[in-house]
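Next up, some structures in structure tokens.
The two complexes that follow have subunit A in common; it is paired with subunit B in the first and with subunit C in the second.
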Partner chain A sequence: MVDRFLKDSDLAVVTAAWARDFRVLAPVREGAAIVYRLFSEDMHPFLLRPPTSSAKEAILPQTENLFTYKYRKDQTDLTRTEVFLAEALPPEPTLILGPRPCDARGRHLLDRVFLERGVVDPQYKAHRAATLFVTVACTSMQNTCFCHWTGGALDDESGSDVLLHPVTIGGVGGYVAHAVTPAGEKLLANLPEAPAEKLAELAARRAATPEPEPAPDLAGIADAFLAVFDDLDFWTDQSARCLSCGVCTYLCPTCSCFNITDENHGMSGRRLRTWDTCMSALYTLEGSGHNPRISRAHRLRNRVGHKFSYHPREFPEAATAPSGCEFSCTGCGRCIKSCPVAVDIRQIVLDVLAKAAEKAPDKAGGAK
Partner chain B sequence: MNANNPYIPELATIIETFDETPDVKTFRVVLQDPAKMAAFRFEPGQVAQLSVFGTGESTFVICSPPTRMEYLQFSVMRVGELTHRLHTLKQGDPIGLRAPLGNHFPYQDMQGKDIVFIGGGLGMAPLRTLLLFMLDNRADYGNITLIYGGRTPEHLCFKDELKQWAERGDMRVELTVDNPDAAWQGRTGVVPAVLTELAVRPENAVAVTCGPPIMIRFTLEALGKLGFKDEQIVTTLERRMKCGVGLCGRCNIGEKFVCVDGPVFTQAQLKGLPQEF
Partner chain C sequence: MASNPSAGDSPDRIETLRAKIAAELPNVDFVLGYGRGFDPLHATPVTVRTEKDLDRLIFDPTCVQNLATSLYGLRGKRLGVVVKGCDSRSIVQLLQERLWERENLVVFGLPCEGVLDLAKLRVTMDIAEVKAVRFAGSVRDGTVVLTLPGGERELPSAGLLADKCLRCQYPNPLVSDHLIGPEIEPQGAEDTYADLAALEKLSTQERFDFWKRQMGRCIRCYACRNACPLCVCKHVCLADSREPHWLSAEATLQEKWLFQVMHALHLAGRCTECGECQRSCPMGIPILLLKRMMNRELKELFNYQAGVSLEAVPPLHTFLMEEDRIKDRGLLW
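Up next is the complex of A and B:
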């Protein structure tokens, strides 16, 4: 597959061409945020900075129908009703423009839940098959980024159909467009071949990109977490600032928990799947009034535990992270960047390792 | 379960409802498609998601045994939005049903053993499934004892059956209430105290317990003192659930999901999980 060149000034036109075949979600600036919106011809996609939201909405919509229902009264006996169900419509072919490699890698982690855990989720599967990721490679790490802790990199290709490498220096700005999948190659078919000087420029930039600070050794984190699980003082301390707002879960490329509710309009309605958040007390509140995660400490513990302990324990064969395991986290840093009270999951993970080492100095893997 | 889409319920019809207690109502339902009803299979202890379209869905144990398939029975306490709505439904009304979900009681491992059922309140519902299943296969099991308690005599579920079981002669029934009325002829006091007083023997026995968390806590303590090992104690966990198929996330305990890995656990299994229930 030859690499192509996409001029920045052609971006809107090329996206418009894609929009003839796909429902295109493109990032635009809205106030201080960069959010995905349905592409229209008058829109110029904003690719310079990572979007505020993750790309998961393309394959796991924030709200979607699971099915619709209709009640009908029996005309011969009006006290009786019948009910009819109709499956949700299949998803449209979709292209999301502008995710970062950490978002694209999130697709694999959503697959773990919806395709590999046990029951295959038919709607997720359909979205997944119908959606292409045109990803923008990063050129530097922000101070909230830690993708390399989880096995990612600035220009990681996994999960992408096309990877756009920004080349901005020297003359015409734009992207060296690299097709990762055959579907991605089709998208790029009408673009010119990337000129040699652009490829050279890209190679030079990649070579000059400094290595990130080495990632801590997280090999022992799954067990370390369980070792400090019962230390509620530790978790109370860690969650002292948390507001339970849930923004970390909504912006996370891998958080996949959802709620199911009904929306009724007279004699018909729909059953919806909606993003939910384990930061909410209502998430686990039982009918009896009992709540197994009654405090913010319990809830933050669950989120950290799921990402760094439960997930690697559930999928022990996977080894995408440098520590030889797989986390349900791509290190995108959105939960850090958008947290209103600066809860930092990296620091919690390091504190867990340190606390576990303190409790059992012989056993702990520990941060090196 | 719908083979193509686990979220789409089968349509069912309520064929009978009656009150068990002031706040528990029993529903008997059949699938609308007779062929699907004839093909429906489940194991004792498995649960179902019942839908009232327009209100939502909640999880209930199928409290009739797979040995009696004329209908599927559910006994539902009126506590929240969905259960309030369910309680207004009557015979002939349509509902949705997704089942069977979850694991089941390890009845194969209980064959040849003495069985002690220890229930409180509506915790009797899953025990009823297993008890009736065992009574329908009576020769496979040893002595069967039921210790069942409620707040008051009228809060005991399955009252007619409790009487029948006591009269069968091939099982022992001990009933107790916290607050007796004038007509009450059973015991007074909490379930764990009765268990201790009866000094149930742990040799070749399995205890199956379900009830409110506080009862479970003291029952486990009492069983321990009687010499029951963690492997000999079977219980079920309550948890808020939505999808019922291990995807929506909320019922996790560590990496286990109560909706697929449970709701039935041995005490030994529970001790191996993060203590968050």
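Up next is the complex of A and C:
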């Protein structure tokens, strides 16, 4: 597959061409936020910084209509009610422009939950099959980024259909467009081949990109977490600032929890699947009134534990998966960057390792 | 993470704060203060339980959070809390509404010249590239010097302060047990509600389109609600109630909008405009406008401003047979 060249000035035109075949979601700047909007011809996609929200919404929409239902009274016997179901329409072919490699890798983690755990989720499967990722490679790490802790990299291709490498040094700015999948190659068919000097620029920039600060050794984190699980003082201190809002979970490319509700309007309604957040007390509120996660300490502990302990324990083969995703986290850093009180999951992970080492100096490994 | 250089602590003042807190530690369960977050632009709330936690304390224009927000969730404890002038108004309001007992609270008040609005900075640059921050000259009229990969960049600080600081009339905490640092003359301009006037100049349709666009970004994370020091219902909020079923689970414009209207109405006469709702919004939705609209009405109708007097009774907590500013049109029963 030859690499193609997409001029920055052609971006809107090329996107418009894609929009003839796909529902295109493209990032735009709105004040301080960068959000995905349905592409329209008057829009110029903004690809220079990672979007505020993750690309998850393209394959796991915040609101998913599972089916609609209608009750009808039997006019000859009013004690009888019939129910009619209508399944939801299949998703439109979708293209999401502007995710980052950490978003694209998130697809593997959602796949594990919705496709690979014995039960195949038909809605997710349909979205997944209908959606292409045109990803923008990163050129540097932001101070909230830690993809390399989780096996990712600035220009990781995994999970993308096309990877756009920005080349902006001298001459015409744009992207070296690299097709990762056959569907991605089809998208690029009408673009010119990347000129040799652009490829040289790209190679030079990639060679000159500084190595990130080495990632800590997280080999022992799954067990270290369990070792500090019962230390509620530790978790209380970690979570005292937490507001228990849903910013971290809703912006996360891998958080997959959902709620299912029937939204009634008289004799008809819709069964919906909507995002849910484990940071909310309602998430574990049981019908009896009992709540096993009564405090923010319990809830924040669950989020960290799920990402770095329960997930790797549930998918032990994940450590050697081709995607390289061992944890249920791709290190995008959105939960850090957008947290109103600057909770830093990296620091919590390091504190867990240190605390576990303190508790059992011989057993806990990994803490630096 | 490596410790980050801080933005502009006054060494004397922070030492005084630490000493005052150290002296109170035996009398409280813990003290809520500010520590350095993951980068030099971010502060993060910290709990001070023992003297060894004192080193983490900072105070500078990055200390944006209103720590009074955490109080209601911690009732039953005896706590210390570090407040700015604006934050102290939330405490006044909590005490007025008997949502906290004065005797269980030790307030460390810090006169404040203003805090940064990172959203203003984010519009002009990628703030994740900022390596260090310092303030040259005064917080209000000086400059903010940012160290970026390409070198230093100096910006006038007035353009980066939160809007609430530009109109601040209460830089000095209105309630405190320990006032730390010299009191400051209010430097804020009179609040003319210019932001509301600009919005009201639009036609109804234009205003509707404005809000549709803004609320279209909402992800229903409820950071606005949870960051509000006076939104004390939290997890029994009617936004989450299934019975009665006020809001559906759908992420539609009308559900998002209905919640914001509820929030604004429930804060009428209570909101001190600390701005935490808007600051916490990851999508940058200007929801403080709605609360300011309510506050302007409250000011006109009842000549009342929330959180400035412990003795005052919030207007919607009481009633008068005859309101000064509300004409009853002379009608008789």
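We adopt the following convention: the second predicted complex is superposed on the first by the 361 of 368 C-alpha atoms of A that agree within 3 Å, B and C clash if a C-alpha of one lies under 4 Å from a C-alpha of the other, contacts with A are read in each partner's own complex, and residues count from 1 in each chain.
Everything that follows uses one rule, which is that contacts are C-beta pairs under 8 Å (C-beta built on N, C-alpha and C of every residue); 3 or more make two chains touch, one makes a residue touch a chain.
Since the structure is predicted, the reported quantities are computational estimates derived from the model, not experimental observations.
A.B. asks: After the alignment on subunit A, I want to confirm one thing: do subunit B and subunit C clash, or do they fit together?
C.D. replies: These partners fit in the superposed model.
A.B. asks: From the overlay on chain A, compute the angle at subunit A's CA centre subtended by subunit B and subunit C, rounding to the nearest 10 degrees.
C.D. replies: That angle rounds to 90 degrees.
A.B. asks: On the A-aligned overlay, A:110 touches which partner chain: subunit B = first, subunit C = second, or both, or neither?
C.D. replies: Neither partner.
A.B. asks: A:63 in the overlay: touching subunit B, subunit C, both, or neither? Say first, second, both or neither.
C.D. replies: In the superposed model, A:63 contacts subunit C only, not subunit B.
A.B. asks: Between subunit B and subunit C, whom does A:342 touch in the aligned arrangement: first, second, both, or neither?
C.D. replies: The second partner, subunit C, only.
A.B. asks: Of the partners subunit B and subunit C, which touch A:118 in the superposed model: first, second, both, neither?
C.D. replies: After superposition on chain A, A:118 lies in contact with subunit B alone.
A.B. asks: Should A:305 be classified as contacting the first partner (subunit B), the second (subunit C), both, or neither?
C.D. replies: Only subunit B is touched by A:305; subunit C is not.
A.B. asks: So, A:47: does it touch subunit B (first), subunit C (second), both, or neither?
C.D. replies: A:47 contacts neither subunit B nor subunit C.
A.B. asks: Identify the partner contact of A:134: answer first if only subunit B is touched, second if only subunit C is, both if each is, neither if none is.
C.D. replies: Touch status of A:134: no partner.
A.B. asks: With the two complexes superposed on chain A, say which partner A:81 touches: subunit B (first), subunit C (second), both, or neither.
C.D. replies: first
A.B. asks: Figure out whether A:11 sits in contact with subunit B (first) or subunit C (second), or with both, or with neither.
C.D. replies: Neither subunit B nor subunit C is touched by A:11.
A.B. asks: State the minimum pairwise Cα distance, in Å, between subunit B and subunit C in the overlaid complexes.
C.D. replies: 6
A.B. asks: Please identify the positions on subunit A that touch both subunit B and subunit C, taking each partner from its own complex.
C.D. replies: Comparing the two interfaces on subunit A, one with subunit B and one with subunit C, the shared residues are 259, 261, 264, 285.
A.B. asks: In their shared complex, at which residues does subunit B touch subunit A?
C.D. replies: The contact residues of subunit B facing subunit A are 4-9, 11, 51, 53-58, 77, 79-80, 83, 92-94, 96, 212-213, 238-240, 242-243, 245-250, 252-255, 260, 274-277.
A.B. asks: How about subunit A: which of its residues touch subunit B in the complex?
C.D. replies: Touch residues, subunit A against subunit B: 66-67, 69, 71, 79-83, 85, 87, 113-114, 117-119, 121-123, 226, 229-230, 256-262, 264, 269, 271, 273, 276, 278, 283-288, 290, 292-293, 298, 302, 305-306, 309-311, 313-314.
A.B. asks: Residue numbers of subunit A touching subunit C in their complex, please.
C.D. replies: 30-33, 35, 37, 49, 52-53, 62-63, 140, 142-145, 237, 240-241, 243-247, 249-251, 259, 261, 263-264, 272, 274-275, 277, 280-282, 285, 296, 336-338, 340-344, 346-347, 350
A.B. asks: Okay, in this complex, where on subunit C does subunit A touch?
C.D. replies: So the residues of subunit C in touch with subunit A come to 1, 32, 37-39, 42-47, 49, 65, 69-70, 73, 118-120, 122-123, 126, 128-130, 149, 213, 216-217, 219-223, 225-227, 234-235, 240, 242, 245, 248-252, 276, 279-280, 282-284.
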